[in-house]
Structures are given as C-alpha cells and as structure tokens.
Amino acid sequence: MTAPAAGGTEEHAPPSLVARCGGIEFRNPVLTASGTFGYGSEFASLFPLASLGGMVTKGISPNPRFGNPAPRICETASGMLNSIGLENVGLTGFEAEKLPFLRTCGTKVLVNFFGTTFDEYVECGQRLGRMDGVAGLEMNVSCPNIKAGGLEFGRDPRVLGELVRACRNVIEKPLWVKLTPNTSDIVALARACAENGADAVSVINTITGMAIDARTRRPRLATVMGGLSGPAIKPVALRMVYQIHHAGMGIPICGIGGIQNGLDAVEFFLAGATTVQVGTQNFIDPASSERVVREVEEFCRQHGISDVCELVGALEIQG
Amino acid sequence: MTAPAAGGTEEHAPPSLVARCGGIEFRNPVLTASGTFGYGSEFASLFPLASLGGMVTKGISPNPRFGNPAPRICETASGMLNSIGLENVGLTGFEAEKLPFLRTCGTKVLVNFFGTTFDEYVECGQRLGRMDGVAGLEMNVSCPNIKAGGLEFGRDPRVLGELVRACRNVIEKPLWVKLTPNTSDIVALARACAENGADAVSVINTITGMAIDARTRRPRLATVMGGLSGPAIKPVALRMVYQIHHAGMGIPICGIGGIQNGLDAVEFFLAGATTVQVGTQNFIDPASSERVVREVEEFCRQHGISDVCELVGALEIQG
Amino acid sequence: MRYFDARIIENRALGNGYFSLRLGGCDSLAASRPGQFIMLRGDWGRDPLLPRPMSLLSVAPEGRADMLGRSVGRGTKLLEAALPGTRVSVLGPLGNGFPDPAPATFDLLVAGGVGMPPLFMQAEHAARRGLVDRCEMMYGGRTSRDLVLLGEMRALGLATHLSTEDGSVGRRGRVTAALEARIEYHRTANPGHKLRIMACGPREMLWAVARIAEPYAIECHLSVEEQMACGIGVCLGCAIPARSRPFRYACSDGPVFLASDLIIPPAPGHATGGTP
Amino acid sequence: MRYFDARIIENRALGNGYFSLRLGGCDSLAASRPGQFIMLRGDWGRDPLLPRPMSLLSVAPEGRADMLGRSVGRGTKLLEAALPGTRVSVLGPLGNGFPDPAPATFDLLVAGGVGMPPLFMQAEHAARRGLVDRCEMMYGGRTSRDLVLLGEMRALGLATHLSTEDGSVGRRGRVTAALEARIEYHRTANPGHKLRIMACGPREMLWAVARIAEPYAIECHLSVEEQMACGIGVCLGCAIPARSRPFRYACSDGPVFLASDLIIPPAPGHATGGTP
C-alpha cells in the first residue's frame, strides 16, 4: 500500500467486476455477441481473450448450414442489416474444429444454438450441453432470417415456453434464451422463459428491417429483409431490458444492442442487465470489447463503486 | 416547346407528381408528419407551404392537454426520443386558433387525432370530420406516451378494428389510421384497418425506446420511455410498409420513418407507399420537406419516370 | 427568422475548450436582440443529428455574427475544430431576448461560464446606446480559464466583477455571492437605482439567482437552456414548467423568462450564495 | 494482422474524385502483399458506422503506406477531405493477395478505375525483384480523368496499355477489349510465355475478364469487392458464391480468387469486349 497521494485522495481497492448471471460466474460482465466475434480466434491476435467476461459463439445448428445468398449486409443510419442466414459449421464441425481452441482461450464460452424444428432444438441443446469447455448455452429463438427456424418459436410466449421447457429438461448446463425484439410484449416472452426454467434472457436480438437501393430498385439484401443491429437500436434494447427488469420476475438479463463503450454498458446495467454483450461494435472497432471492460472499470473507479453489481437496476426514477 | 437541346436530349414533359392516397388527391406525395411541423405557420416563412403535398397536424384530442414533464426529448444515435405526451390545444382551440390559418395555407391538411377512451376517439373524429378545411383525418392509435390513450388501442388487431369501425361510421371524410411499430405483426394491424373501412394506413409511428444518463443514473426523459424517430428507424419503417404492401390487401400506405431526402422517399414508394411523411427531418433541416418534393421530381426526371405513381411497389425482387 | 447557409470566417481557440466563432453571410441576423439564439449545424452527416442551439455573442455589419462556444460533446467539438471556410446552416434569430437597456434602470448582468454571450451582447447594446454605465457584469466560472473575452468587455467600458470558485481570479466563490454583494452595494450607494437582473448560466445558478432576487423584489430575467430539437416551437420538446401556463417553451416563449413566471425549486441543502 | 492508429501524412487530389493518401505509422503493414487491403476508419462518430475497405497501393519503409481512393459516398468523401495529421484506425493487412511474380510467367494486370491499386502494387513488387518486364498493365476507365498515377507507373518501368470508353486517351473502348488484343498479341509474338491474368475493377469487368480468359485456359486471378463489415471472416457478410464451397469470403478467403473457383454469370446481351 502506498502512502495517500498529495491531494489527500485515498487509494481504493480496485472495483470488483465479477458478475454472476444465469448460473455462470464471469470475470467481468462484458461478453461478445453471437455472430459478431466468430469463434474468437480471429480476435486473439488483437487482445487477450481472457480479458473478456465471456464470449458467445456464432449460432450452431445440428447440421452445417451455408447461409443466404449475397449481398448479406448493408449499412444503415447508425446501424447495419444482416441476413447471414445462420451459416455455421454444425454440431460436429463445431466440436472438432472450434471447441479445441475455445477450451484454451481463457474466457467463458457460451454456445449460441438453434434448430429448424422443435426436435432439432432439443437435440442440438442436449449435445452441446454435454461438450467439455462449454460454460452455457444461449438459445437463439429470435433470428429473423430463416422462416422455419427463428422467428416462429420466439414470437409466441406459449410456444416459446414449451421449447424452453423441452430444452431445459435435457440440458444441465446454464440455459439462456435470446429474445426477439419483434414483439408487442417483451415481458410476456421473458416470463415464458422464466417460468419454464431458463437461467437468463439475452435481450435483444436484431430488429427486422429492410433497405432499398432506389437507383437499382432492388433490395440491398438478397433476402429482402434482415436484422438491424448497432447503435441505432440501443434505445429499443435498453427499453426492453428495463421493462423485463421492472416486471420483477427476477430472471437475470444479459443486455445487448448497440453497445459501443463502457458508458453504454453501464446504461444497460442501470436498466437492469447483469451482463452485456458487444456485437456490431466488434466490426467498427475490433478491440472494443476489451476496451468496454476497461471503461466499465474506470467508470466504477470514478464513481466510487466498489462492485459493478451495485449498478444493476440502479436507475433512479423521480417520483 | 423549345427545340431539342444540342446533345440530342429531348425535352420531356415534367413528371406528374400527383398522388391519390386514401381518398385524397395530393399535388405531390410528400406530406409532413404529425408533431413535427406544428400547425404549419412556423414554416410558412421558410418556404411556401403550397409546395407540399399535404401536412398532418399535431394530434388533437377533445380537450386540451398539457403534456409530459421535462425533459421531453433527447438525441440518440441517428435518432431522437420524444415523450411530448400529446400536448395539444384541444378540439375547440384547434378550430378557433389553428384552422383559420390552415384553410389558407394552400396545401391539404390532415388532422391527426386521438382520445383517451373509445368514446373520445369517436367524438373527436366526428367533430373534426365536420370542420371545413380538413381534407382528412389521421387516427393516432400508436402513440406510446400515454397509457390510457395510445398504445392500448393500436396494439390488438381486434380492438383496433372495432375502433376503426366506430370512427368510420361517424366520419365521412377520408380516415387514415397510423399504426404502431411496437408489434409482432404489422400486417394484422393493417388488415384490421382495411377490413373496417379505413381509407389508408400511415406506417409507422415511433418505436418505444429509452435512454439513460449513466453519470446521473437517471433516464434522459422524465417519463422514462419515449418514442424513437429519425433515420435510425428507417429500416424498420421500410420493412413494415413492404410487409403490408406485399400482403396485398390493397389499402393505400403513407410511409413514415427517417425520411431525410428524395431518395429515402423513393425507397418508400418502391416498398409500396403511395405517399410519405417527413418527420424528424423537419428539425434537422427545416426546409427539408420542400426539398424532398424537388428531389423526388428530380429523381423521376433522371430515371425517365413520367408519373411518380409508377414507383409505388415497383421494388424488383430477384427470383 | 430565416434559414440560410453561412460560412465560418474565424475560429479562435480561447483555451479550456472555449472558442469564439465568427460567421459570415449572416445579414439576416443583423437585427437580432441580445438573448436570441440560432440553431446551428455543420455538414455532419447524422452524427450529431440535430442542430445545436447557440446564443449570439455579437452581430456586426456585413453579415458577421459571433458566437462563444464551449466543447462539451460531439457537436461542439466539431464546431471547435471547424476551419475557416466551413459551411454551416443557420436558423435564426430565435427566441425573445432580454429587455432593452434603459436610462431609468440599472442592470446586473449575471453570467455563468458559457452562459456569458447573451449578457455580453446585452452590454454591447447598452454601449451602443451610450448606456453601458447603466449595467455591470458579474461573471463567474470555476477557474480563471473559464472567464474569457475579458479584453472585449473592457473595450466596451463595461464594469465587470469576476469570481472564480477556486479564487484564481477575482472574488473566490460563486458568482451568486458576488451578485448578493453587488445588490447590497447598489441599495446602499445608489438607492435611487431601479435594479434589474439578467442572468444566463447553469440551471442551478439561475435558480440561485432567482432565490436571491426574490426577497428584494428585483425584476429578474433568466435565460434558460433546455434540450431543443426544432428551436421554433413546433416539437414541444423544450418545455419548462411555468406559472402562467403549465409549460412554457424555451425556444419560442423564451429563452428569457421572468423568474416570477418560472417554478423555482427550493434551495438545496447548502447555502446558496456562500463560498463553497 | 494488426489493429493500430495511423496518421495521414499526405493527401493529394488527383482530379475527378480520385485522391492518393499516404499514411504514417503503418510499420505493421510493411510485409503486406499486393492485393491485400486494410479496413480504414476515421474519427467519424457514427456516420459512417463501419470501417471502409481500401486496397494497398504501396508500402514503403518507415511505416509509410499509400492508398488510392475515389470519393463515391460519405466515407470516401471524408477521406478525400481529410487533412494531413488526421488520425485514422487501421486493421490490416487483410486478405490473401495476388500470387508472386515469377520469371517463368507473364502477368497481364487488368485494372478498371479505382481497382488499380493492387495491380500497381503487384507491378511494384515485380519491379523490386527485377521482374517488371514479366508483366504489363491494361488500365481502363471511362475517360482520361479516370486514369491516374501514370507517371508512377512509368517510373516503375511498367508497360502500360491504356483504354478509355470515350477514347480521350489510349485505345477507345473497354479495358477488356485491350485485354483480348494483348492476349492475341502475346500468343503470336511470345508463344513460350505462360500467361496469367490478374484483375481488379468493377464486377462486370471482372466477369468479362473471366469469360475472356476461359477459352484460352489462362490462369485468371480476380480481386473482388463485396460489402464488408469486419474484414476478418467473422461477420460472414462478404459471401461470394464459389465452386469449391457454396460460399467463399471476400475478406478472408479473398479478395483474390481464381476465376475458376467463382461462379461467373453468363455474358449479358451485348458483346463483352467490344467498343460500346
């Protein structure tokens, strides 16, 4: 311990960033979002992955998928649209090609997964849940890109509840459910998850959108519609996190949507998120997820917060 | 007629911009959106209002309303949140103070209206519909700011249908219904309007969002949540216009959301809108609505389009 | 009120994030009143999206208009970095402005930080009418680096009372303490003066000013800041709770309000006028 | 691949929206191959949001790296206007690049418009190895104003065949017509040459090049452009239909692909190589 500095400022212990969310303990509350961070290896040369709280893989399905025709992405005002189409290496490809690296990368790995049928979901979740090196599963019921897979399951609270229950029954690892924002009632969706045994909800996935090239008269995405992400959607994401938290059902929330820096992350904590995921920002600034960790820590120091958990739900609303 | 120009370019007749939408014929398809253009007089010194296709007034309720506490607005990434709270001068105030100017302003005036009960809606619509100088009514069932008034009516297709029917029965003037984007099924809402006699749908109103000041731990709006508008929401608005148009129920669509220039307007036409409204952009560039008219005309010239109606729904989707 | 393109013809860094901006092509602002403002926007794409309200500091012949800015966020940082020649769009003049200086009154101009411009312009107007001795400026900031354009004030012949919270220049403490002292002085030395207060600065300062003025029944004009989108009374965003109506609008009813029309919150725990 | 801050040290306008940009601080790019690119982003706030892919034109000692840009939208316009001293962030070098020049081959470098940089760098690499006579450049644009840095090409000792659609300089017509002519020439004059084609330019040009190369069975390398978000193979946005797998990725598998691995659409109605 050094002597107090000249101005009389006392040395404080560094703030605790440890976050417990949905049955997993993370070094810090900052994760990277599915589909925006590959399987981690691409970023390993830019910063130590161990500096992250965790990372969520690209969505895995039982069989490999090749995804949608090009063009698959386009930029919009403070956002981007994507219709990747859930391209992935499949269960066995994942286990063989990706998991070995992930086991050594020094951070908690959640595997995002989906199926195109009820049974595929259950099978995929069950098999992933048994793999070594997988800290937890994030069920993607909200990807708006594939008719048969995504949106249908996540839209109706009753169907969603059944799916969560069926997966819960066969998955021992922590099970998170990633909600679609394309709903009139996000609280009902979260409740269906909470009541059927989900350990946490990830909020939000992309908002369905569309862009057109006026000159060519063509949609900018080959699939016409795609998922909107990035800073543009942050107000919607924050609102949904807040609504779920405010409804008081107690399910932990992982906040996602437009996070660019530590202040954005803190906003999600205040709205009620226990952890956050950095998505599109990984493309804008590939070192940003590590920076967000540092900025959250810096925020805690500056505001005399000894434990980042103090921020969760600490929004001050005036009478 | 002048002689053909040197390069051999022939003189074309100027493109027709006349748009027929929801029982009203407009000089051109560019209107200004409710709540973003006051009652027009504030803009009259900047450009001739007669250059616009039309304008939609701030939402009128039977009785004057004072609106929400401050702060009421904040900027977000490529957008803004507002929770004005439907402040307005009320029916009689509107007739006495605002309508005389509107009658002389040289453009078609639609009156946006709402109530906090079923009966208020009907009463308000009926009385406005009888006022001279009102070309049509736009029913706001989607404002997310007031619990009792907005969202509840516009969220459930069945309730919405009943409301539309009840208003339709007492309103002879063209009746447009402005839809909320806070839904999982915009087509169902549009269908409820079409089947109950609405002349057009206005798509979209603001998306419910929220912003937080991390430093003060307070929401940036006094009401915590508010409505997101501006370029950030354009992809969502375009998608919803397209979905409704694509569903083929034939109801005319007025496209709204993030329109900044003529190309944006053309994108909405291609997606299926017959007219558009310029909203937030009126704050960013108060002369923009007139500019959008000119840019749409310019686009038609450049692309050899003789009638702007040719663009409606003309999106080219590859097999 | 006009909407037009102007050009930055000078941009002077004044230290500590302050900068003075001179625009050319602002003939439409020639008749602006002190306290009026403009909505200013550069060719910024969509970040930031909305124009930024800026008070006028001075308007001069040949279409020149001066502003004093402080870089606090992206919009003002872009202005701070803007080079001469940069095109900007201007909507203005907007708002009501302060009441005219008059021979029969003595005006205490209270400026906090970057709230100084409208009061400078008020003093300049007084000077132009030979009335600069009918006002004085109380100008406060955190440190000496927050007090700018002092030479320009001197050139007007304006009596200026500086205060800084750290005592690095002028009186140590808040500008409101200086205001109390000056009120007491004028009441003793010049009992015949009809005092008025005109103030612009951070909200807490304005409320403190109002609370000081109230017991003396001094006519008190406050120029308030609110989040603004349109600047012309159509978005209804800049609502401020008032007595004469539930809400007034900072852009179109203000930004200058009689303190008596505003709802002034009670003083917070600590003394309003004392040295911190 | 590194992610680092660099500074613009020179920005030269070349007319018609073209500009050459020199960055300092790019030591990490020193070993870049021709055909590789970087993801470049200025301090732009959120408009535009994503970094912009830019090919390398040349890398020089002391951390210098050159680019050739053309302003077509907001991102490239901001780069065009950026002053020396401006800080930018750089991710790179990215992608695979063209095959090395070799004594046993003769490379036809086909450049369309702003697709020229990787081919310039390829020629430069050849020149450094004393192999500049093992390649020649076919460089096409709409008018003479689309053909830039011709002096620099000459300085390399590079044989250059220009074409413009309007005939304002070089051969009149598309660069693909010039390519056909040069292939015929080489087959007659130098039957021993193992010809290779390396091309970069608008998509229609690339497809036309591939269709020309195919019947001659010339090894043909195309550098493709796709919308990109990440540049490193994680977003899966830059998919391009291929034969070896349903999709390849322009950023991580490319941007250079063997034409034989791509799915080349059939020629559109008009002749591919003729004068328009």
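Order of writing sets the labels: A, B, C and D. Residues in every chain begin at 1.
Heads up, the rule we're going with is that contacts are C-beta pairs under 8 Å (C-beta built on N, C-alpha and C of every residue); 3 or more make two chains touch, one makes a residue touch a chain.
What you see is a predicted model, and the numbers here were worked out from it, not measured in a lab.
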| item | value |
| --- | --- |
| Chain pair, B-D or B-C, that carries the greater number of C-beta contacts | B-C |
| Centroid distance [mean C-alpha coordinates] between chain D and chain B, Å | 46 |
| Rounded Å distance, chain A centre to chain D centre (Cα mean) | 37 |
| Of all residues in chain B, the ones touching two or more other chains | 77-79, 230-231 |
| Multi-chain contact sites of chain D, meaning residues that touch two or more partners | 46-48 |
| Chain contact graph, described as a line, ring, star, complete graph or other shape | complete |
| Of chain B, residues touching chain C in the complex | 35-38, 42-43, 45-46, 58, 66-75, 77-80, 82, 84, 87, 230-231, 280, 282-287 |
| Chain C to chain D touching residues, read off their complex | 44-48, 74 |
| Parts of chain A lying in touch with chain C, wherever the complex brings them together | 77-78 |
| Sites on chain D touched by chain B in the complex | 46-47 |
| Complex interface listing, chain C residues touching chain B | 1-3, 41, 46-51, 89, 91, 226-230, 232-241, 245-247 |
